[in-house]
Amino acid sequence: MTQDIYIVIEHLRGQVADISYIMLAAARELAQSAGGNVIAVLLGHNAKELAANFAADQVIYLDHPALADFTPDAYQKALADLIQKNQPRAVLFGSTSIGSDLASVLSIRLDLPLASSCRSFTKDGKFVSQICGGKIMAEGALPSPTALVTMIPGGYKSEEGKSTQPPTLTPAEVPALDALRVALKNYVEPQAGDVDIAKEPILISVGRGIQNKDNIALAEDLATALGGVVTGSRPVIDQAWLPSSRLVGKSGKHVKPKIYFTLGISGAPEHVEAITDSDTIIAINTDPKAPIFDIAKYGVEMDLFDLVEVLTEKVKQAK
Amino acid sequence: MNIVVLAKLVPDLVEELTIDANGNALDSSFARLIINEFDDHAIEQGILLKERGGGSVTIIAPDAEGADDVLFTAAAKGADRLIKIKGDFSNVNNHALARAFAKVVSGIKPDLVLTGVQAHNDLDGALGPLLAELLEMPYIGYVSAVSINGDKVLIKKEYPGGLLAEMDVQLPAILGIQAAEEPPRYVAVSKVRQAMKTSSIEEQDASNLDPCGGSAIGRMFQPEASSHATMITGSPDEVAEKLVGVFKELGIV
Amino acid sequence: MIVAEADRSFYDRVLQATPEGERLRLCLECGNCSGICPFGYLMAYPPSRMIAMLRADRFDKLLEADSIWMCVSCYACTAACPSKIPLTPGLMASIKEELVLAGNVPNELQNALTNSQRYGNPLGESPRKRADWANRIAPEVKIMGKFKQPVDVLWFVGDYASYHPRVQSTTRALARILNALGVDFGILGPDESSDGDSQRLAGEHGLFEMLADKNGKAFGKYKFNQIITTDPHAYNAIKNEYPKLGISYPIQHYTEFLAERLDQIKPMLKRESKAKVTYHDPCYLGRANGVFDPPRALIKAIPGVTLAEMLHNHTNSLCCGGGGGGMWLDGFQWEKAHVRLSEWRVREALDTKADILAVACPYETPRFEDAAKTVEGAAQLKVKDIAELLLEAMGI
């Protein structure tokens, strides 16, 4: 039994997922109130270099060919063994395609309590979860003895989970990973052809304010810098400045990105109804009374042509 | 192929949500309930599998206002058997719900169990993986395609950015459906009415509603909603700088 | 002509939908319907060819083609038919119903139908918030369930008038006018459900019955002398369809109700206007129900206003594209046609050199305002509901 906070690192094809760093940052806050260490748990195969920038006191590394890629079965077995042996104060999982397959199963298998959709921890170590589409927050004491927690982004900055100081890497024994019921066959790359804007996490959306087709390139540049996709409101699609697959609105697609960044969109109801599920809306418009500002989290009253190129440059520098 | 689909009802976010007098749970008396949207996809995927390869589809829902509608609508779509679990499910957690489902599901001996990958009010994990472990079945979530292949299913699991993993799962198994291969179909009101006349709902009692394994909530509250955007001001350079700060905070640069 | 057994059931359904369904057999194949249909030129099977296919026992072909979803139920074909075949409510609605029953429904329409089932309105808004538009009106708008007393006039507000942010301002305008006239009125608020007429014409007859039943029960709970409505679709439903289900109440469109009170209204219209106004006849007020004059009388009562007619007016009015499910098929129809009926109409309004396009249906203000954004030279054209024009002229 320790007061350590474990973070189950998520990685996919050689890339550490952003949520892992967010959890490292969260764990630091929790470790301070619990009085333990921040310990990253890395499962993989020949993957220890992934740990180089973890802001952790220690990295427990479980190396096994069956852990090279995520499969629920193998990861559950390896983690069950580790958690049972070490009994940390808490284990953080991403509320993601990887972490969600692990936490609930381990809660039953190890008879440990689980708190899900946690966004942050309070100074005195309580978890704060965000549910019901962001409309409700739920707070509770971190359950004992070992709390399993799934985490959503929003409460911590991923850069706080990174360090230039490589952490100590401690290999741990991996239990027998046999009788696995799930096998990875292969990965399927996103289909060529046009993207499904309903599934994209970052959308740069242009309205009439973009003025002509050539100016779409400005939005494209910003989207490329941010790793997003350009969408448009009806007038833009009608003018064929963008293909109809990029239409956001009543007659187009309903979207739910993490960031919906609008350039020259006023926010007609037909457009707004399709974007209300977005996590964060940032709006640039010259009209301070544009209704888009009523639903945006951040607003800028400015001519988009004054801003977009400067912003694109700054984003590139920040990357 | 004996397919079971679990459907639960959740508060409809179209309505304002309220916290109960104790301050640590949703006021269930005021909430309007609606099928968990992912469970709707799970039902659709179950029906698609049946249409493609035969078999039977059983829908199980815990008792709540609107559960009968959910079950009869599923019957109108092509479900064969409807089961309602009786008990007081207001404000029970998923651990308790999973235990109630476990008893009913194990009695059916399914080959495949489908459920929505999550629900917006999950506070102690998702129903699917909890149930899977109680029944000692393998579980995969975030599934958006399923094909049955002998004693296995080949599934597609979604990762961020449109990447998919194809995985083989041994049956019997439980899948958490992110999206059915086709959007849930529309059933005309007259067809639902027809189903109400021709199909029946079996009722089974919930054995135990043991919430052990969930986490106690001390306080629930509503985050303060800002009715107007926080305006970022300054020169284009300054505004760009501040926006990059926002992007960093949101973890995208 | 031998009608195959399979088609017998279809004729039965058309008969069920309208008393005169059998008139389909009287089709002359003159093609008037296809010619006058605003989307006819885009349909693989415009109305007259639909009937021809039916006669040729190729109903399957009709179902395969998605021509039918281009139908905006505007009644133009029905009005033009020399054989008086009930094309819109019979043939069109029944073909749509066939597709709805088979689950073969375009996505947008499916959402509107699901919302109507679930929330009693196609917008998917909370039924509890149906009266929220009235929050800041003084004197207070009486919600029947709270007020619990008889009123003279029950105002059936309708879906878009209740929820659509643009149309809400029209709704508030009418509430202020009714208050100024001293009308004793109330609304159903959360007890009101969608009238269901557009859902019916989009082929969801069961849903229509369900919604009508709810409204019938709500009407039955309260005491009032007559119903008025803002929405021509609700007007059509309550006037012509609800009685078939045993729900009978006297109903007027608000323009009829106000036109009857012109003597009282005229002295209140103090603000002169130099505007040239053209009036768009809503399909379900004009063509389908013959209400042409009251709206015009109200416009002409505003001092200084001149009324100009568009090329298509009265029975020949052009549809805004919103009816019969068109409101929920915008994306589908745009994909097919790359034209919008609302834009066509806005161009006709521009041709009259009008300053204001006046409307009397809640579908129209947002549709025409939206169209005016993309039609060249339409930036100055104002789209106003008659209630808004009257309120402005009253200066209150």
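General remarks:
Going in written order, the chains are labelled A, B and C, and every chain counts its residues from 1.
One rule holds in what follows: contacts are C-beta pairs under 8 Å (C-beta built on N, C-alpha and C of every residue); 3 or more make two chains touch, one makes a residue touch a chain.
Predicted model, so just to flag it, every value in this text is computed and none were measured.
When the C-beta pairs in contact are tallied for A-C and for B-C, the bigger tally goes to B-C.
The most centrally placed chain, judged by C-alpha centroids, is B.
A separation of 21 Å divides the Cα centre of chain A from that of chain B.
Inter-chain spacing, taken between the CA centroids of chain A and chain C, is 45 Å. Here the spacing of chain B and chain C, counted between their Cα centres, is 37 Å.
Of all residues in chain C, none touches 2 or more other chains. In the complex of the two chains, the chain B residues touching chain C come out as 14-16, 34, 183, 185-193.
Chain contact summary for the complex, chain C toward chain A: residues 108, 123, 164-166, 330-331, 334-335, 366, 370, 373-374.
Those residues of chain C whose C-beta lies close enough to touch chain B in the complex are 97, 100-101, 103, 105, 107, 110, 113-114, 117-119, 124-126, 128, 204-207, 209-210. Residues 11, 13, 17, 19, 24, 26, 94-95, 98, 117-118, 120-126, 128-130, 132-134, 138-142, 154, 156-170, 173, 176, 212-223, 226-233, 236-237, 239-241, 243-244, 246-253 of chain B are the ones that touch chain A when the two sit in their complex. In the complex of the two chains, the chain A residues touching chain B come out as 12-13, 17-18, 21-22, 69-73, 96-97, 100-101, 103-105, 107-109, 111-117, 126-127, 129-141, 143, 147, 150, 153-154, 157-159, 181-191, 195-196, 199, 201-202, 226-227, 258-259, 279-283, 293-302, 306-307, 310-311, 313-315, 318-319.
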